[in-house]
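In what comes next, chain A is part of two complexes: it sits with chain B in the first one and with chain C in the second one.
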Partner chain A sequence: MTRLGPVLVLLALLAIWQLGAMALQADYLPTPIAVLPDLRAMLIDGDIWRDMAASLTRLAAGFAIGLAAGVPLGIVCGRSTAVRGCVNPLLALFYPVPKAALIPILMLWFGAGDLSKILIITLTVTLPIVYHAQQGAAAVEEKLLWSARAMGFSPAAILWRVVLPAALPELLLGVRVGIVIGLIVMISSEMIVRQNGLGYDIFNAMDMAQYTLTYAVIVIVGVLGYVLDSGFEALRRRLTFWAPQRQAMVAASS
Partner chain B sequence: MIRNALRGAAPILLLLALWEGFARSGLVPRTLLPPATLVIARTATALTTASFDADLLTTLTRLLAGLALAIILGIALGILAAQNRVGGMIFDPLVRVLGPLPKIALFPAFLLLLGFEDAPRIALVLIDAIFPIMLAAHAAARAVDEKLIWSARAAGLSPAACVLRVVLPAAMPQIMTGIRVAAVIACVVVFLSEMVQPGDGLGDQMIRAARAFRSVDMFVPIVVISALGALLDATLATIRAQALAWAA
Partner chain C sequence: MIRLDHVSKSYTRAGSGDTVQALSAITADIADGAFVSIVGPSGCGKSTLLYIVGGFIPATSGAVQVDGRPIAGPGPDRGPVFQEFALFPWKTVRDNIRFGLAQQKLPQGEADRRVDEMLDLVHLRKYADLYPKELSGGMKQRVAIARTLAYRPTTLLMDEPFGALDAHTRAVLQDELLQIWERERKTVLFITHGVDEAVYLSDRILVMSGAPGAIKADIAVDLPRPRLRDQLLRTPRYQELVIEIGHMMDQSR
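Coming up: the complex of A and B.
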């Protein structure tokens, strides 16, 4: 049932779309069946793969920097009240800032190329990673730390070999939130600065009034979101099979 | 309390001071990074300008309309899914499929379907803001103590009255938390919708400033929308604390 559920829901959504489009009879809402040939053509002729690769490369690069910066910062924040007292007000300050909307300012600084778009993704995903890494690190059982210290671990070794693994379940929750909002920022930045990528494809098709193509790209983005999220969920379960499972709130601000 | 507030303000003031110093040091051109004081002064001027206020009002209207719809529908759907067996079976897979979908990708479809004015932007705010509220309402309604519901039913309350007078109040603390998350999302999304398809509103101010390379004016809409988000968040936090003092 849990396996079939998403498939059934997807079919139901497609059926609603099909019926709605048939009722409306407008060229700006093609039926999913009408979109199918475009979807097929796109996947075969390969243009979409190039744009998807461009989008995903930026997402991966932005994410890698976000992880490299956010995990150590979050872990240290969780263990040190002084660092926390310094970092948390800044986190609270940046929380309501629409990060994706900073893209024109980053373009002013770093040009209109990939770097701005990568940095905007980094900026966005770092926040939930720091926040959740901190929560996880702050909640590590004191007994584990005492034992490690008694066995002669250096402070750095404790952070790396005790705190980090213990904080992993919570940290990975933050990474999952990061994936969802990273995708949002990836798409929106490509819609604001239209050069390439999936966000660009959607608007480009719409501007040229190729409505079936517009919807085909939207479907691809939807599938991509689902695949990335459930792929990561599977990975997360394997990495933290020993921890009690918690549902992440799949919603966060971008 | 005051000491805590001061300690919290210190890193923020330090950041502002660093920004100001760096911008005035001459290491970077003013056009790339205007000093913080200049941005703050320009924001104050903008807020007294009629055309800027008109855009602010436009954005605020869209934001609140979408958020209000998300609150009503999110609470209704979340509780319905928790109370109803069929609803519950649809809810989980629906959230798993639609949750990770970057909703902004649907925005072009909304533009085509709903026109290029307010409606598509309100719809985008709705589908982005509804998720945290719906998830919170669902989780909270499922966690309501069954004994409370049984007592209410035994006391002669109809199922509908039971939802309104027992389940909803019991679920409210968690729902309010969901609404706070949703409010900040709504601010972000409405701004993005106005940047992606400019026309009017704060996002449009940002795009126009960027196209004209008026760098100070690029910071102003960001400052205003962020302040709006922080204000909304603080207001909701206060409401939550006041109205739900019993839940602590």
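Coming up: the complex of A and C.
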């Protein structure tokens, strides 16, 4: 029953969409059934895959930089009050800023290409990663650290061997938040800096008044988001099977 | 030998800013190979004292010397065992025990051999590939003891190690600890608030009183070894010591 619940809700939403679209009879709201042929055509002819690959490549590149910068920074912040004192005010200032608003500035600096889009994803995902890595690192049981110190490990070795793995469950929650909000800026950046990618596809179809196509891309983006999030959640559980499970809270803010 | 020379500890209470003296001029010599317990009421600073000996927290004044040299932080000569077990939850039993050996640059075979030896010592070979969350409290503490013994400290610093266990498991682990100690003859500094536990295990008991923590009595436990629980608990001398030290604890409250 609990497994069936989400499916029923989804079917109910689709039914409401179908009935609402049938009642309205408007160009801008095609029925889900009318969207299906476009969806099918897109998935078969392959264009959408190329755009999805372009989008995901940028997401992956932005994420890679975000992880490389955010994890060490967050871990060190969690263990050093001095570093935390420097970084956290900036974090608090910067976290609530809608990152899409920074795209024009990045375009001025880095041009209207891939680099700007990658960097905006990096900026977006780094913040929750730093924040959660820090929470995780700060909460490491003191006696774990003492045990490692008594064994003779250096402070750097303890960060790597004890603090990082102990902080992993919390850190991966930050990564999950990063995936969700990274996806959001990925799409918005492609809508603003139009080149290719899924966000570009949505706006392009709309500009050409191909409304069924617009909806088809939106459905694909939705499914992609779901697949990325649940895929990562499965990975996160595998990586942290040893930890007591806690409910993952995903708060999207972008 | 571990020498505590007028070890004092005070700290500033968060909020009020008052200075609280936790330990006042603790002086004692701990002989090599001795099993010494420190008993006292909750909050008397006995765990704080152990953490200072471990080098985990600094003394406000006074000094701790090991074999004549002042300590500079924690070191593998003094191996801690905590009430909270403090196992690395992402490591199996085997890898927890092996953890400290990574620092010792042992040849691969030697490390494996030592881990196996420790698994046998604490009767956990069957459970070597389990993770800490799959273990009972008693098993976790066995792993923690094995993990510390594996890197061969000369002194064990035990901070109420059996305090979180049920009475039966505690008794079993006390006996196992005594067997290990008879074999290895390490110096043990054992913190507990259980007087019967202290008398059963120790050569010597330091009784502390609280606020500020100070050593109130230094009692030699003149009971024969090896100690067999059923015999010992019936011995009048054992009972006398438990009652006598219990009275001291009551008065220091």
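Just so we're on the same page, the second predicted complex is superposed on the first by the 249 of 254 C-alpha atoms of A that agree within 3 Å, B and C clash if a C-alpha of one lies under 4 Å from a C-alpha of the other, contacts with A are read in each partner's own complex, and residues count from 1 in each chain.
Keep in mind that, in the parts below, contacts are C-beta pairs under 8 Å (C-beta built on N, C-alpha and C of every residue); 3 or more make two chains touch, one makes a residue touch a chain.
Given the structure is predicted, the values throughout are model-derived calculations rather than measurements.
In the superposed model, A:146 makes contact with chain C only, not with chain B.
Once chain A of one complex is fitted onto chain A of the other, the partner contacts of A:46 are absent, as it touches neither chain B nor chain C. Judged by the touch definition given at the top, the superposed model places A:162 against chain C, while chain B stays out of reach. Among chain B and chain C, the chain that touches a larger number of residues in chain A is B.
By the touch criterion defined above, A:206 lies against chain B but remains apart from chain C after alignment on the C-alpha atoms of chain A. Of the two partner chains placed around the shared chain by superposition, chain C is the only one that A:243 touches, whereas chain B remains out of contact. Listing the residues of chain B that touch chain A in their complex gives 7-12, 15, 32-33, 89-90, 92-97, 99-109, 111-113, 131-132, 135-136, 139, 181-182, 184-185, 187-189, 191-192, 195-196, 203, 206-207, 209-210, 213, 215, 218-219, 221-222, 225-230, 233. The touching residues of chain A, counted against chain B in their complex, run 1-2, 5-6, 8-10, 13, 28-29, 85-90, 92-93, 95-102, 104-105, 107-109, 179-180, 183-184, 186-188, 191-192, 198-199, 202-203, 206, 211, 214-215, 217-218, 221-222, 225-226, 228-230, 247, 249-254. Those residues of chain A that touch chain C in the shared complex are 141, 143-144, 146-153, 157, 161-162, 165-166, 168, 242-244. Within the complex formed with chain A, the chain C residues making contact are 51, 54-56, 73-76, 78-80, 82, 84, 86, 88-90, 99-100, 102-104, 131-133, 147-148, 151, 153.
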